[in-house]
Every structure is written in C-alpha cells, then in structure tokens.
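Both complexes shown next keep chain A, but they swap its partner, so chain B is in the first and chain C is in the second.
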Partner chain A sequence: MRAWVEKQRYIIDFTLSSLIRRKVKNFGLLALYTLIVFILASAMFFTYSIKREASLILKGSPEIVVQRIKAGRHDLFPVRYLETLRKIRGVAAVEGRLWGYYYDGLAGANYTLLSPPTQQEAAEPAKPSAKTAVVEDEETEHHGVDASKPLFEHQGTALEPGTLIIGNGIARIRNIAKGEFMPFRAFDGTILNFRIAGTLSSQSELVSSDLMLIAEEDFRKLFGIESDYVTDVTVVVDNPSEIDTVASKITKLLPDARPIVRDEILRTYDSIFNWRGGMMIVIFSAAVLAFVIFAWDKASGLSAGERREIGILKAVGWETSDVIQMKFWEGAMISLTAFLTGVILAYIHVFFTGSLVFEPALKGWSNLYPHFALTPFINAEQLITLFFLTVVPYTVATIVPTWRAATIDPDSAMRHTGE
Partner chain B sequence: MRKSSIFLWSITVEALLLAVFLAHAVFSTGAQQANLEEKAALVRKLKLTDLCLFTEARYTRHLSQADLNTAFQDHPLSLEHFPSGSFTLPPERLTRRP
Partner chain C sequence: MIELVNVKKVFNAGNPSEFSALNSVNLHIGENKVTVLRGPSGSGKTTLLSIIGCMSRPTAGRVRLGGREISSLPERFLTDIRRKTFGFIFQQPNLIKGISVLENVMLPAYPLGEPRSRLREKAMQGLAELNISTKAASKVEWLSGGEAQRASIVRALINKPTIIIADEPTAHLDTKLSQRFMEIIEKFKAEGKTVIITSHDPLVCDSKMVDRVINLRDGRIEGEPS
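Up next, the complex of A and B:
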C-alpha cells in the first residue's frame, strides 16, 4: 500500500512539473474552469436559497386572495361582494385589503402602500372546532375591543391617521427617519404630509423594503377610493383541503372575480429563477458550451509536444498504465482544484457579499432594491450533481486521447513532432 | 517540500474550508430561524403575498398577483422590457393547458 502511495506521489510530482512547464496555458485553463464552476455554483446557491426562503416566508400568506377583473385588468373590489363570500360554506373569515402603488418622482422608485388589517382583525382568530358547538359571548364580541387602542401597532409603533410606518429600503433611499415628514401628491393634486412613525426592521427587507403602512382613511384620501370599495379580498378557509372547492365556488358565485390560492403563490416563487427561463438558460448554456469546448479540446487529441513527451516516457520505461495515471492526475488536479475553489468562492459571493456579481442584473431598472442576507440553505444533491458534471467529464476527457497515444509505439510517438 | 505535498495540502485545506462553510450553512440556518420567523410573522400579520425582489414594475413586484394579460398590460404591443422579466417564468396556471 505504502509503495503504491509513494508511486502516486512521484507521478503527482512529475505531473505538476509537467503542468508548470506549460504554466500560461494551464493557469489560464484553471482560472477559466474555476470561473465556470463559480458562476454555476453561485446561481445554484442563490436560486435554491431564495426558493427555500420564499416557501418558508410565504407559507403565512392568505389562503385565498380574490381580485375583481374588469376588461382583463384588476379593478376595485366592491364591499357588497364580501357578504356573498362570507356565505360560502367552509369560509371562516373574509377581509378586504387596501393596497396600491405610489411613484415617488424624487427617488424614482415605486412604493407599495398598504393599509394594514386593524389590530383586532390581524390577531389570529381562535378557530372553533368544526365538531364542537361554541356559544359566543355577545358582551365580549361587541365590547371586547379597547377603543383607546391604536388601529395598528408594529413593534410598539402605533399607526395613527397622519402617520406612516415605512420599510427600511424607503428610509435608506429617501434618507428619512422617524419623526420626519414625507409629502405625497394625492389623486386630486393636493399635497398630504405624513409623519414617519417608525420603520420596519432591516431583517425583514426581503418582504418589506418598499412597503409603507398607512391608515385606511389616509389611503382613501390619497387615492380617492370610496369607502364601498377595497383593492382585493382575503379569504380564510377552515379546512385546508377545501381551499380549491371554495375557490371554484367563488368563481361560480362571482364570475368577475379571480381567486388566487396560496399554493399558486408558492408555486410562482418555486418557478422563479428556473433554469428553463431567460437569464438562467443563458448562464447555463454558456457554462455548458464552455465545458464542451474544454472536453472537445482534450478529447480531440494531444499536442505534438504532449505526444512526444509520452513517447519519451515510454522509451525510458514507463508503462502504458503509468502514463494513463499521470494524465488522470493531471485532469483530476485541475478539475478538483477548480471545483473546490469555485464552490468556496461562490459560497462567499452569495452568502457573505450579497451576490455582488448578480446584483446589477437582479436590480434591473429598480432604484429601490432590498438589502438582504440569504439564509444559506445548501442542497447536497446539487453539489454532488455539479461535481459529477464538472470534475468527472473533464478527467475522463483527459484520459481518452492519452490512452490512444500511450498504446502506440514510442518510436512513432516521438517522430510525430512539429512543435 | 515536494510538489505533491503542496498539492495534497492545498486540496486538504480547500476541502476543510468547504466543510467549514457547509457547517456554517447548517448552523446559520438554525440561527436565522428567528429572522425567518419574523419575516413569516410580518407576512401573516399584514397578509402579504410576494417577496420584494423586483420593484421596477407592478407585475414584477407582485408576481403572484399579476394580471392574466401581463405581457401587454400597459398598452397593446407593450412587450416585456424590464430585465427582471428574464428571471421569472409565467405563473404555472397561465401556461397549463386545460
């Protein structure tokens, strides 16, 4: 065993000396190879982590969102429809949402304005068991809410009319802080000034960077929306297995309504950054083409110098198997070093530098981009696949032509010069 | 030092570094659980539906809530021109044949 290890080490010594003799070519190859692994591994880490994070975060999103569609576009949802929805069997709660977009010319950014559910509605309702009869206490039902309590409170910050709670991205882009005022141009041209009551945490930027929480009456005043309309509606369903049935009942009862179930929301983020789509297929096809060029270069044959080297080695007593082992180590050393370096750099890139290389592409035209640190979810299966797609083909492609060259006579191998 | 020793050491160091990063991934996932919970709680509390990834257009900001005619929603022949459109696929329900 020891003799075998020593022999391999001598072969590695020789192979490294041979590689260093052609250092410009080989270091160039190593750098390019590392870059391809880096790009592939970065794309893999980023997409997998964002998909996992999306599935964990959005599991709390509404079970059904119902929009009203008019002439193929979203339209405001009439409040009178809510009663129809409440009557559907299996529906536990129905609540209107008020939200919209506001373009801020100063920052050149779009904000999402949202009127949060009032405190008593936002609290998780204690769901009565379907099998148990529950006697509701009228006293508690009608008088249980403290009138002095603010409509909405987030981490101790009360949202009152005339105030806003803003996302961290907006605070950063507008350089604005708690207590300062922010002017808005309402639908009728009047200027409304709102005081910043607080900011949402920087940890939640992935969902709240461009968010602005605003009181319902301010929202209606800003956009000119009558009190008998909301933007859309959320529906809570008691039994998760009934969600699809409830959704189809909604379509039947309200033909101009479009229900979006939570599963569809989750699937939307499951297909984001899919390798079959747009930019991802450009990245992957570029990487695959680069590998094809590598493999083609290796598999199409050896240079005259390499052929002569093999001839000399055989003439001085190397066996065919020794030559093949040498070439195996050559392929393995380059591909293993490129793989490990590429994956390590990709990890640092995605989880420590916030995907610096991808950022300009991800930002697109948006001025307001969230700063977020992804939770490093690693899929071992993907790492193993990447290993087998990069290290193995390159190593095999190195061995095949060598085997052909190593089996011919050393004399004729040395005569094929030309360098 | 022999060249083979330098190579074997460098590969070992890289493999160890990768192992450290994988361990970091495992521990960070546990440590960031509270952070994930905070985001999930905010989503639940405010009844949010989408991640704030692409803020450039309304149909990219709220991908899951986009109109059915997304590609032409601004005006007829308004082709998709935002870069973020190249990172996303249309929602499955739009491409699924009945």
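Up next, the complex of A and C:
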C-alpha cells in the first residue's frame, strides 16, 4: 500500500514537472479552458438567478388582471364595472390601477408611470396589496406578513400631488435627485412640472428601474383620464381553484372585459426571461462548440515531443497504465484548475460585478439599464452539469491519444536517432 | 542465461511494405559475459537487442531468460521483467529535457514506489560513481555529450539490473569518451553483470574485455546455416 501511495506521488510529481516544463503551452491551454468554463458558468448562473428572481417577484402578483377590450384594442376600464366584479362570488378584493408608459424624448427612454395605493395603504407595506406586486422571501414567507415587502419601496416618502418618486434608472439617466423638478408634456401639450420627492429602493431595481410613482390626480392630468376610468383592474381570488371560474364569470358578465389570470402573466414573464434564457443558450452553445473544437484538437494527437517522452518512459520501465495515469493526472489538474477558476470568476462576474460582460445585451429593454445585484443562487445540479460538460469530455479527450501512444512498443525510443 | 530459438521478426506483416528484420536466429548468451552484436546498418542488431530486452516480441520463435520462456508473456509482465532485469543505454542519451539530471536518473524507479529518500540516495551514489554528482541538480540540456551519456548510464543502473543492454553506445562519442565508456563496461563485468552491446565500432568490438562478437547480416547470424 505504501509503495502504491509512493508511486502515485512520484507520478503526480512528474506530472507537475511536465506541466511546468511546457508552461507556455499549458498556460495557454488553461487560459482558454478557463475562459470557456467562465462563459458557460456565467451563462448558467445568470439564467438561473434571473429566473429565480423573476419567479419570486411575480409570486405576489394579483390572481387576475382585468382589461377592457374595445374593438380588439386595450381601452380604459370604466370604474362602474368594479361593482359588478366585486359581486362575483369568490372575489375577495377588486382594485382599479392607473398606470401607463411615457416616452421621454430627451433621454430616448420609456418610463412606466404608476399611481400607487393611497398613502394609508402605502404606510402598511406588510399588507399585500393587489395594486402592488410584492416580493416575498421564500425562506421567510411562512413567518407571517412581515416577510412581504412591496415591489417598490418609497421608504416613507409622502407622495403628494405635484411630486414624483422615481426609479434609480431614471435618476441616473436624467441625472436628477430629490428636490429637483422634472418636466412632462401632458396629453394636451401643456407642460407639467413635478418635484422629485424621492427614489425607489434599489432592492427591486430589476423591475423598478424605469418606474415612476405619481399621485392619482397628477396621473389623470398627465394622461387625460377622467375620474370614472382606470387603466385596468386587479382581482384577488382567495381560493386558487376558483380563479378560472371567476375569470369565465367576468367574461360572461362583462363581454368587453378581458381577464388575464396570473398563470398567463407568469407564462408571459417566463417567456420574456426564457427569451433571455434562450439568448443565453446561444452563448452557451457557442461556448460548448468552442470547447468541442478545443477538445477535438487535443484529442487529435500528442506532439512529437510528448510521444518521444512516452517512448522513453516505456523503455525505462513504465507500464502503459503508468503513462495513462500520468496523462490522466495532467488532464485532471488542468481541467479542475480551469473549472474551479472559471466557476469562481463567473460567480464574481455574475453576482458581484452584475454580469459586466453580458449586461448591455441582457438587462433592460430600453436604454434604462437596471443596476441590480442578482441574489447568488447556485445549486449542485448546475455545478454537476457544468462539470460533465467540461471536465469529463476534456479528460476523456486527453486519455484516448495517450492510450494510443502508450501502447506503442517501447523500442521506438531505441530507434530514435535525433534529439 | 538468455536463449533465443528460431526467432523471427517481421514488420508490417501482410502489407506490401512487409519486411523481415530477423530470420531464424538461434543464440545463447552466457551470464557475466560481454557480448557484442556487430553488423552493418539494417542487419537486425537493434531488433535483436529489443527482443532480448523485452521491448518487443518476436513474430515467431522463443526467448528464454534464466530458463523461463518470456516471449509469450503479456505486456505488463514483460514491463516488470524489463524494469527489474535490464538496464538500457541508448544510442542517444534519451534523457527527458526540462527536468534535472537527478530526476531523469530516478525515473525508472518511480513505478516501483521506493521511498524517496532511499531512491535519492541510490541515484546520488550512482552519479558519484560516474563523477557527475555535481550535475545532479542541473537540467539535462546543460550537459555535455559525455555527461549526458553517463547520466543515461546511471539511469540504466538505478534498478540494479543484472543485464545491461547498450545500443550503439559510442556512435555519438569521440575516442576519449568511447574509451571512458568501455572502462565503465569493464566495471560492470567486474560486478558480475551481463552486458550486450550492438556496435560496429572497432573500439568496442576489438576491446579485450569483450567475450564474444556475433556478426549479423540480413537478419541472420553469420556462419549459421540459412
């Protein structure tokens, strides 16, 4: 046993010295390998985390959103319909929402304007509101209502008429801060000036980067919406099994209403994030392809120097299995170093630098890029997948040519005449 | 000690490039003798040496070592015999570049898993015997031709083999170094080792310490009936 351990030590020592001897080649190999693992791991971490983030955010969204459809087009929702909705059995709460998009020609960006719940409601952030999506912490969600926090947090800043609370993305792009004024061109061409009362919490920046909270009367003034209309309506249904029934009742009672159930919203969001995921798959595939080419190149053969070295080792008494073991250690050292370095760099890249390399392509769909840190989320499955995609094929790719070279007769070393 | 019976070696059998390197060679090499295989290039010297040294198998015929038939043994048994019984000195030193002389010398002993301190001591002793212990830490590419040759001899001796096989050892050495090499061979003989050398160098073939010279031509031993 001791001799076996000693033998492994000798082989590993020799492998290390072999790696150092060909340091330029091996360093290049390691750098390329690390880069591929880094890209693959970054893609994987980013996709998983963003999906998880999205699913957490949407967990608290209302069960049903009802829009009004007029000649196939989305139209303003009459407030009088709310009473009809409230009377439907199974409906717990109905709330009208006021929101819309505003294009800012100066910044070339679209903002989302939203009239939040009343100040009284906003002062109770613990109460999940149908008007505001809430982020729930998965680990603490069973610990009571305190676990819920609103999607947008305006940290107690009062939203009075004539003021705005803006997302961090808007503050950055317009370079404005609390207390300054921001002009808007209203529906009738008049200019409305709003004072910035505060900015939204950066915790929820993924969805609130382009968000503006505006008082109800200001919203109506800006968009020209009469007080008997809202943009759409949220319906809270307590019993999840009744959601579809309630939705069909809404269609029956209000033929011009279009109920959108949460699952549909989730599917829509999922497809958005999956589209992003899909884009990541493109990157992923390119990296895998690069890896295959790289592994193939490695598998296509050993250099003349390496073959000669194997010949000498066999001639001086090394067995085929010793040579294969040596090459196995060599492959394992390179691939494990590259794997660990690549994964650590990808972790830093995705969770600490906010995916610096992917950011411009993947975050935000206008020129308002949200600045947010993804919650680190990696699991064993991801790491194992990555391991099997990189380390295993590489190691196999290095073993095959070594085996072929190691099975040649050792007398080739004797017949070697040139150095 | 070593006996070859009707040994044949054919390369690229069945191909148009088929080539018969050895034809029915019968040979007996005695223990503690210095035997030289002499012949022109292509006569089959190196092929015969590689078969004797368990580096390759004959296509036909038998090879016996100490009375034991070894020609039909699987590769790993042959490796074991090669490692423990034979020490090889090649035409070129065949040292591995980039590592030290000491590491090169210790290489054949790595698969045996001998404790490092003992192996190191043995290697240093071998280097000292051939007056190159000062070069132990040097990289092999810094050695002169003679030093490299001596380093390869120490490597051949690291596992204390009983048979030394040397393939054209003086081919790349000048007269002085060749004479020095023959002095080392004389020392091996004195220690009771068996030495088999391929060479057509008169300095080797005509040396007084050589017990037997076997002439090879066209894959046959001269004087043997075809």
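Here, the second predicted complex is superposed on the first by the 336 of 419 C-alpha atoms of A that agree within 3 Å, B and C clash if a C-alpha of one lies under 4 Å from a C-alpha of the other, contacts with A are read in each partner's own complex, and residues count from 1 in each chain.
Basically, a contact is a pair of C-beta atoms (placed from the backbone, for glycine too) under 8 Å apart; a residue touches a chain by one contact, two chains touch by 3 or more.
Here the structure is a predicted model, which is why all the values come from computation and not from measurement.
Touch criterion met: A:65 reaches chain B, while chain C stays clear of it. Counted by residues of chain A touched, the larger count belongs to B, out of chain B and chain C. Look at A:317: by the touch rule set out above, it reaches chain C but stays clear of chain B.
After overlaying the two complexes on the shared chain, residue contacts for A:4 are found with chain C alone; chain B is out of touch.
When the shared chain is aligned, chain B comes close enough to touch A:53, but chain C does not.
Shared-chain residue A:309: touches chain C; no touch with chain B.
In the superposed model, A:114 makes contact with chain B only, not with chain C.
Of the two partner chains, neither chain B nor chain C is touched by A:389.
In the superposed pair of complexes, A:267 makes contact with chain B only, with no contact to chain C.
Within the superposed three-chain model, A:411 lies in touch with chain C and out of touch with chain B [touch as defined at top].
With the contact threshold set out at the top, residues 9-10, 17 of chain A are in contact with chain B in one structure and with chain C in the other. Contact residues on chain A toward chain C in their complex (touch as defined above): 2-7, 9-11, 14, 17, 20-22, 309, 312-322, 409-411, 413-419.
Every residue of chain B that touches chain A in the complex is listed here, in rising order: 2-8, 10-11, 14-15, 17-18, 21-22, 24-25, 28-29, 32, 35-36, 38-58, 60-65, 67-69, 73, 82-89, 91-93. Note for the complex: chain A touches chain B at residues 9-10, 12-13, 16-17, 50, 53-54, 56-62, 65, 67, 69, 72-74, 95, 97, 101, 109-110, 112, 114, 116-117, 122, 154, 167, 169, 200-201, 203-211, 213, 232, 234, 258, 260, 264-265, 267-269, 271-274, 276-280, 333, 336-337, 340-341, 343-344, 347, 351, 361-362, 364-370, 375-378. Only residues 46-47, 49-50, 55-56, 75-76, 79, 82-83, 88, 90-92, 94-99, 103, 107-108, 110-116, 155, 159, 167 of chain C touch chain A when the two sit together in their complex.
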